[in-house]
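For clarity, chains are labelled A, B, C, D, E, F, G, H, I and J in written order, and residue numbers in each chain start from 1.
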Amino acid sequence: MTLVGKKFPSLDVNAMNEMGDTFKINVLEEAVNNNKKVLLFWYPKDFTFVCPTELHAFQAALGEFENRNTVVIGASCDTAEVHFAWLNTAKDNGGIEGVTYPLLADSNRNLSSILGILDITNEVYDEATDSVQVEGDNVTYRATYLIDEEGTVFHEGINHMPVGRNVNEYIRLIDAYTHVQEKGEVCPANWEEGKEA
Amino acid sequence: MTLVGKKFPSLDVNAMNEMGDTFKINVLEEAVNNNKKVLLFWYPKDFTFVCPTELHAFQAALGEFENRNTVVIGASCDTAEVHFAWLNTAKDNGGIEGVTYPLLADSNRNLSSILGILDITNEVYDEATDSVQVEGDNVTYRATYLIDEEGTVFHEGINHMPVGRNVNEYIRLIDAYTHVQEKGEVCPANWEEGKEA
Amino acid sequence: MTLVGKKFPSLDVNAMNEMGDTFKINVLEEAVNNNKKVLLFWYPKDFTFVCPTELHAFQAALGEFENRNTVVIGASCDTAEVHFAWLNTAKDNGGIEGVTYPLLADSNRNLSSILGILDITNEVYDEATDSVQVEGDNVTYRATYLIDEEGTVFHEGINHMPVGRNVNEYIRLIDAYTHVQEKGEVCPANWEEGKEA
Amino acid sequence: MTLVGKKFPSLDVNAMNEMGDTFKINVLEEAVNNNKKVLLFWYPKDFTFVCPTELHAFQAALGEFENRNTVVIGASCDTAEVHFAWLNTAKDNGGIEGVTYPLLADSNRNLSSILGILDITNEVYDEATDSVQVEGDNVTYRATYLIDEEGTVFHEGINHMPVGRNVNEYIRLIDAYTHVQEKGEVCPANWEEGKEA
Amino acid sequence: MTLVGKKFPSLDVNAMNEMGDTFKINVLEEAVNNNKKVLLFWYPKDFTFVCPTELHAFQAALGEFENRNTVVIGASCDTAEVHFAWLNTAKDNGGIEGVTYPLLADSNRNLSSILGILDITNEVYDEATDSVQVEGDNVTYRATYLIDEEGTVFHEGINHMPVGRNVNEYIRLIDAYTHVQEKGEVCPANWEEGKEA
Amino acid sequence: MTLVGKKFPSLDVNAMNEMGDTFKINVLEEAVNNNKKVLLFWYPKDFTFVCPTELHAFQAALGEFENRNTVVIGASCDTAEVHFAWLNTAKDNGGIEGVTYPLLADSNRNLSSILGILDITNEVYDEATDSVQVEGDNVTYRATYLIDEEGTVFHEGINHMPVGRNVNEYIRLIDAYTHVQEKGEVCPANWEEGKEA
Amino acid sequence: MTLVGKKFPSLDVNAMNEMGDTFKINVLEEAVNNNKKVLLFWYPKDFTFVCPTELHAFQAALGEFENRNTVVIGASCDTAEVHFAWLNTAKDNGGIEGVTYPLLADSNRNLSSILGILDITNEVYDEATDSVQVEGDNVTYRATYLIDEEGTVFHEGINHMPVGRNVNEYIRLIDAYTHVQEKGEVCPANWEEGKEA
Amino acid sequence: MTLVGKKFPSLDVNAMNEMGDTFKINVLEEAVNNNKKVLLFWYPKDFTFVCPTELHAFQAALGEFENRNTVVIGASCDTAEVHFAWLNTAKDNGGIEGVTYPLLADSNRNLSSILGILDITNEVYDEATDSVQVEGDNVTYRATYLIDEEGTVFHEGINHMPVGRNVNEYIRLIDAYTHVQEKGEVCPANWEEGKEA
Amino acid sequence: MTLVGKKFPSLDVNAMNEMGDTFKINVLEEAVNNNKKVLLFWYPKDFTFVCPTELHAFQAALGEFENRNTVVIGASCDTAEVHFAWLNTAKDNGGIEGVTYPLLADSNRNLSSILGILDITNEVYDEATDSVQVEGDNVTYRATYLIDEEGTVFHEGINHMPVGRNVNEYIRLIDAYTHVQEKGEVCPANWEEGKEA
Amino acid sequence: MTLVGKKFPSLDVNAMNEMGDTFKINVLEEAVNNNKKVLLFWYPKDFTFVCPTELHAFQAALGEFENRNTVVIGASCDTAEVHFAWLNTAKDNGGIEGVTYPLLADSNRNLSSILGILDITNEVYDEATDSVQVEGDNVTYRATYLIDEEGTVFHEGINHMPVGRNVNEYIRLIDAYTHVQEKGEVCPANWEEGKEA
């Protein structure tokens, strides 16, 4: 069942930033305690090729998000150590050097399991080993969540592995939702801030 | 759990078109049998104000979708009779006269229940009436599904009630996915057809 | 099991009137709090053809019911928005313009499920989608309830879809029951007010 | 859940007629095997006062029902022996002498339990006697069923104990349903045979 | 398991007497509260032929039972209304006019179910109607209970339908039990009051 | 639930006769295979005082039972060895010397458990010994069964411990039932063979 | 699981002695309350042939047991009445006249069930009678228990039906155990009091 | 429940003999396949003091047992390696050098668990370790089984730890049982071969 | 329960090597199909500091293992992409450039779950999110498995996170086990190949 | 699941030392209460050949372990009596004379069951004996546990039966872990005290 219209799950998750600090982030509290919107985006794996372009694109638009009172958080199921290695790899070498927003390291899949965005296509009981084995790498699809200042999800979108995201679309969605918050009006299709609703 | 990466559910649903015909649509078969992509979009209710702008916007872009081998289908939980009344209401009166793509009439909620997009925020057992009562109008959020020619979902996105959709973003996603289908490349962030990947 | 001899279920249901107001009605409290009898009648769908004649017939007899201390309430599973659109459609166009009693908008089927009057003829588990799917449009038959001032049901009657109701018969039943309330006598067959019991 | 739109339950029930014959009636087969409609009416108890007037009223209208290809069957939970004693009691003594249609003797409540029309208002487990005890006399309300030639119920109506039935209303309902069967039209409110639909 | 040696079940049951009064009898309290013995006898149905002779025979011996501090109560599963009709039917017409002891009207079978004396020879689940249906008329065998002043059953006897009872045998059993109560001796076979034990 | 109207349970039980033979008796087969009626009577214990008078009384009436095609069988829960010792004890010493009908030795309580005639007034779980302990001596009340040539029970009667039986009453019941078998008439109260029914 | 090393079960059992007194014995309390050892021996049935020789043998050795602070108790599943009859039967007639120690009358098998010494070789569910039937006479094997002053079992031995016991062996076991109690030494094989350990 | 009267369990158990051979013994087959009686005796532990005297005593009487067609088998829960070490320890050093009958090494407790002779006085679930822990050393009491040529147990006896056995008593029991086998007579108390039964 | 003495689980796991090939390894089949021993070692995470020294140490001893017919396989729960990034990181930068044996990428934890070597110290149900959340990073301890040519595990050892392994000890264990395989002798403590056993 | 990173189970186990004292050891408390590390090693059986060399090797290195604040404890499933016999057997005769550290006598397998180190390869339900029988001797593999001063396990290793342990490796592991405790550094592969980390 969709998370839209509900509170984002309250959960502490390991995180890493470009300083090499390891810390915990609770996405819900990030929104509510700081009275900010949050854009949380998941990508499948560190050290792959489509992913860094997305991370760089969100970095490039970071000012736009800040102007809209919005925090950006990236996330994958890799460990904090791997995040740090990637943060220290130059963009030319497929790295994400220069990214300054934090990255969740959901290696125990606590959060991604609740969100239901792991690429597990099947679970089978294996009698020989008396265990349940999963099919898939147990990493996430490209899922994106927009969360308002009260922690309520107002957009969730999930792309299949090979299809990258459009950063401008999220800016449009944030603007539209902010418009509703401020004006109490609904935003019709193709609405954009500054254009007539 | 997300439908991305999985087949869209196979289910016959009542539908209505502008001719007043009532018929059944199976979204999965619509894609697979006709070798087409499908864009399926849900809106909350007929005879409201934000919804018709979305329906008109998709109608306006119908040629773009056809050029991309993509069928457009609208959907709500109203009955076929109500769809027909709305289709016969002039745009100026808040109607959707002029819409030519079919509309699902999921009054029994068979499909929207599977998709998990109904606005039910709670279910409570009421002892007095020995029944389970739901909170919410039991209508859908603004959910959108992009389905490829094999019936696999490659995008799902859900907006909260008051936030309209951006038709161009779906065209971009279809182009990006088609690019992957044809070129076997992944599409980085902000990619657009004709721009260099 | 029949509701006759039992209290009508206590439940708040969305409603719409000809002024376009959306509000909640609790049928049981409508009777008990106002010390009135209630006639509650259900019809399958807005914007169909047999239904408006029934709605107009109850409207025409509204004075008779008021004289008998009886409130009339209509009901279907359409939304309040659809009710309002229909209330604004002229009688000549198949609308119900002129109806002044309130209409329940039981879009979440909370009340109609308890009453057991939905046209669900079967429920089947679909293994492919791991869901229970219903057969039928999930709308109500033509069910009518007569409720006394203490909230006790003293008549329930259900007609198949195509068979309209006879408003005079409900007036006769109300008179007969009132006669019993006042005189403490039972009312034999074919009894009518003013005719000798 | 209502029986309307479903087949009447197939069940053999004891019956008695004015000749003193005891035999079995299966209401469903009575309709299907003879290609007739059936009007089945239940009353609470033999040897009471409101009941005989109903039985005499149906007897008086028997020709009207026959003209409409409709069989009339009465029913209560008394035994066949009691039915026969009542059939042999003169009308002036509160008896039903002169009734010629058969009476079901559902003393084992097999059929009335399925129909859910017994006046059981509660069932309580009594620990002292390790048994479930019912509240109520375990007799039926005034329930009426109209069944078509295929055994499908097209009307069910239930009156509280003291309120008698109107025989003409059933004739109207039969006419209306027959009209639909023959003309394929729905019958609006207050419709009567011979009056314009 | 036999009730002998145990308290008779405590239960209020509808009853009728020759005055037409309807009231409740609790057999256990009838014995304990009044410090009397109770003879409770069940017969299958009102308005049959073997039954009235038994009822008349107990009436004829009523003085003998009173002399022995013993209350007589008859019982069947017919309603109080039917009991009254039978009490008003002359003996020559197969009635029980003249009977003065009360008759239980166990129409809801609360007591006869606990005693296990109903003629139900089988219970079968009927899948078509999703109900349990019983075989038999759901009336009682000819069961007799002798209960002492503390409510303990000291004799239970059950005859098949067509075999009538011998009133003198119950007088003998009461005398024998009273002898044991008074003398503290056991009563050998064929013992009769006044004959040497 | 009463055994009346049902087949007597089919079970082999140890038995002893006055010759000291130990053998098995199946009461049901005793009736059916020999086309005889059976009178089976149970008494609590060998070597007590009220019991031998009953056994002698049945012995004295043995010719009467044989004339009525009826086999007499006694029964208790003592062993065959104890039965034989008692059969060899003179009447003057409280023995039953002279009894020629067989005695069941139901020491394993297989049959008496099914009949539900053991004097167990309670079963309690004892935690200390992790066992269920019974209250009572686990011997039978004075239960009597009359069984017809097809094995159907037509009378069951149970007396409390200290109250002896009346042999003539069983002769009357057999005569009455035989009358019904031969004449197809029911036997009214107090009926006796040779007296007018 | 063996009772050796555990407390003997605490249970009141009916008993009889040569005076004809019926009373209750709790074997555990017999030991603990009187600070005595107890020898409890079970035999299958009264009025058989091998059993009386054992009972006489224990009687003959009663002084030896008393000298060792040991109470002797016999036991079978016969009733107290049967025990008394046997106690009154002369030794020459196969009786046990002269026995002065008490005999348990475990007719309800409460104790023998806990000990697990009944000759039940099978329990089968009989579908026809819906009951569990046992194979075997439900009497005990020749089981013997030696219990110390604290109620702890220090020997249990069970012989098949036809093999009698050796009274001297129990005296040896009591002596050996007493030796351990007094000297704190273990008693090697074949040890006898007075012989060198 | 006692094993007397039942077959000894069929189970292969590790064994050791004085030659140092490790092999399997199935006690039941030892009896049945060789048409011999078996005396199986259990002792608690190797390398203790009371135990070797028992093992030597059985060794000393081995000829007597062979004359009676009886095989002797010793048993404890020690391993075969420990048995061999003890068999190689001189009698003067507390060893069992000179023992020639085989010794079961039931280190996995398969057989002793079935026999119920382990000194486990309690089993407690320990929440901290989520395991069931036993109280006691999990070794056997001094249990002895006499088994006939068909594998049926005709004696079982269990002594508490410190009380040694009497080899002659087992010879007496074997003689008594053989007497019954040959003569078909039961053996009264204190019977000994050659003495008059 | 330990895997020693049992077959290693048969499971296909993703793997990466220094060529950048992604492929599947089934450890059991690696041993059995190639008739080789396998040394499988797990480390917690890529891009940490203690781990690379272990990986380099195994690489340095690779010839020794090959001489002993032993395949070396490393393993962690990182993805194949991360393994490849680490394989391409120079040793001086904390990388593992130069490692030629394959590395399992058990990102879905299928194998590590069966082995029970994940650092999950607790699992708690979180009611707010209706999910089970784990404590720990869900990565493995330093576990090592030695598997023989038939797939049987002959050593398993697990070190806490911060304690590195001793490569020579595994060579000793392989030599000792090979000695047993070849000589059929057991290897005493501290045994080393070439030293006298 | 591995015990590494968790507390060692808290359990009292029987133990024996070279003085012949029997006492209880709780391994966890041995570490925590004395603020010592513990090396606990298990071997399969007393009186075998590979085992004593291991026991002598640990004895020889006892000083090294004491220098490292480490207690050595041996363990098998043999009884304390067998341990004592083995401790009294000269080394030349395969004994362990000279061993001074304590030996656990886990004859009831309470601890080895929790550790999961018993050689049970299968458990099968045997219907004939209604018991679960195990395959294997129910003795332990060569398992070794290193436990720190807080009772946390920092190494567990298990060798198959025939492969002896290397005492020096445990000294290295203790040194490495102590280094981490003192220096807060992780210990890379092949690290040894005094060599550069």
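Everything that follows uses one rule, which is that a contact is a pair of C-beta atoms (placed from the backbone, for glycine too) under 8 Å apart; a residue touches a chain by one contact, two chains touch by 3 or more.
Quick caveat, the model's predicted, so the values are computed rather than measured.
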{"item": "Those chains which touch chain D and also touch chain B", "value": "C"}
{"item": "Cα superposition of chain B on its sequence copy chain G - rotation in ° rounded to nearest 5", "value": "180"}
{"item": "Equivalent of B-C within the choices I-J, A-I or E-F, defined by over half of its residue contact pairs recurring", "value": "A-I"}
{"item": "Distance-maximising chain from chain I - centres being C-alpha averages", "value": "E"}
{"item": "Whole-Å gap separating chain A and chain F, where each centre is the average of the chain's CA atoms", "value": "85"}
{"item": "Averaged-CA centre spacing for the pair chain I and chain G, given as whole angstrom", "value": "66"}
{"item": "Geometric centre distance via CA averages, chain C-chain A, whole Å", "value": "49"}
{"item": "Averaged-CA centre spacing for the pair chain I and chain D, given as whole angstrom", "value": "80"}
{"item": "Residues of chain J touching at least two other chains", "value": "120"}
{"item": "Overall pattern in which the protein chains touch one another (line/ring/star/complete/other)", "value": "ring"}
{"item": "Successive chains along the ring, chain F then chain G then the rest", "value": "F, G, H, J, I, A, B, C, D, E"}
{"item": "Contacting residues of chain I [partner chain J, same complex]", "value": "1-2, 4-6, 49-50, 53-54, 56-58, 116-117, 119-121, 141, 143, 152-169, 172-173, 176-177, 180, 185-191"}
{"item": "Complex interface listing, chain G residues touching chain F", "value": "9-11, 14, 45-48, 77-79, 81-82, 84-86, 89, 107-110, 113-114, 120, 126, 128-129, 131, 133-134, 136-139"}
